[in-house]
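Structure provided below as structure tokens; questions to follow.
Lettered A, B, C and D in written order, each chain numbered from 1.
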Amino acid sequence: MNHKAAGALHWIIPDGYIPEKSSGDLTSHESICVLNCSSDDAQLAITIYFEDRDPMEDLFAIVPGRRTKHIRTSLLEKNGASIPVGVPYAIEVRSDIPVIVQYSRLDATQAENALMSVMAYPL
Amino acid sequence: MNHKAAGALHWIIPDGYIPEKSSGDLTSHESICVLNCSSDDAQLAITIYFEDRDPMEDLFAIVPGRRTKHIRTSLLEKNGASIPVGVPYAIEVRSDIPVIVQYSRLDATQAENALMSVMAYPL
Amino acid sequence: MNHKAAGALHWIIPDGYIPEKSSGDLTSHESICVLNCSSDDAQLAITIYFEDRDPMEDLFAIVPGRRTKHIRTSLLEKNGASIPVGVPYAIEVRSDIPVIVQYSRLDATQAENALMSVMAYPL
Amino acid sequence: MNHKAAGALHWIIPDGYIPEKSSGDLTSHESICVLNCSSDDAQLAITIYFEDRDPMEDLFAIVPGRRTKHIRTSLLEKNGASIPVGVPYAIEVRSDIPVIVQYSRLDATQAENALMSVMAYPL
């Protein structure tokens, strides 16, 4: 059975931030959570925008067909450079086929955790 | 009086995760919160997508007419299998009549709790 | 100057819950946060849906023109009855003119707080 | 290369609140997180609505082209007046070109933090 793609090709998350510190059992992190409902792989191109410097463009990721991928932003990289910690930024996700994107952050700066999540904004 | 259905037939939540641990007074859990405004029952068919294996399809639930149901994901099952804990996954909810779907997670990994919630994405 | 109304007439929040306990400095509570951009008052009629009993209908509130109102759900009442604590429920907000609705919960069950917030779903 | 603007001109956040207290390592704050995908600057005009007094209008901010800006609400001001702390309010953001807006709050009233975030509602 061939499953159709669903969602949108282009998603925005204005509030990105990788906390500098972790305490307690868990590690502070953010995830870009993508669902690909189709039978085909989705090729993602991610752009990172900053407050005071030019964007990092074309960080790539793949979400296989009929799979989800919860992408840790700290693991994205381009030419050996990754997203700096402790700096406000924003995220743009483009996909070659429709997908659905949610963003979540676990802040473990304190021993007790804080969580936030939003559905990304589809363009 | 006969109340009409409202919302959408098809909803997506890319960031599902059942925490492995609980501490303190409350238990870590997620809920798929569904409102059925109509006078008729809503029949739900839920699909769970993973990062590294085929989806679990057709987990069923019913939301009676003029009722809400806050479905604990840990209680969903099919042929005796339930959603594994500590594993990233995504959720697709289909309903035979329009409903409205929100997703919330209480993480009690630490003694102090963290909460997150999103409106599901309607397709 | 006469300001126009903006938003929608009908909003849904599937995940309502008033925590039973509070610890520490703050009190557990939920708020239905409404913005009325227009110069005229907005008359709200709120319906509360449950898992196991008929809805409570027509809880009323007013948001004056060019004002916001952050309505504590625990203060809503009808014929002396209010929303029970510790029970899952859902919220429907109807307004006679367009408004914008957001829902937030502060859970102070533990001494340290947890927060969640969603934009309500417009019908 | 000339990049096009994306998003909407007009965004609403009904639940604004600047916590009065901070404990622990971090300071309670809110941010209006704006992404400007275009090559041109975006000029923002922000209106703050209250429960019991007239709105504060025309608080201005600029988001340069191809940049994000995470605007601390406590730093917005007009004629030397800023948004009062400990008071429920609502936020309206107008931009001269399309942008995307998200709102996040870190509550550090307790030593352990709480986070919430929503995508603003586009009009």
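As a convention for this text, a contact is a pair of C-beta atoms (placed from the backbone, for glycine too) under 8 Å apart; a residue touches a chain by one contact, two chains touch by 3 or more.
Just so it is clear, the model here is predicted, and its values are computed rather than measured.
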Interface composition of copies subunit A and subunit D: same or different, split at half: different
When subunit C is superposed on subunit D by its C-alpha atoms, the rotation angle in degrees, nearest 5: 90
Length of the line joining the C-alpha centres of subunit B and subunit C, rounded to whole Å: 22
Centroid distance [mean C-alpha coordinates] between subunit C and subunit A, Å: 31
Interface hub residues of subunit B, defined as touching at least two other chains: 111-112, 114-119
Residue ranges of subunit D in contact with subunit A within the complex: 6-7, 24-26, 31, 33-35, 37, 66-70, 100-102, 104, 106, 111-119
Touching residues on subunit D, where the partner in the complex is subunit C: 10, 12-15, 17, 21, 49-52, 54-55, 88-90, 92, 105, 107, 109-112, 114-121, 123
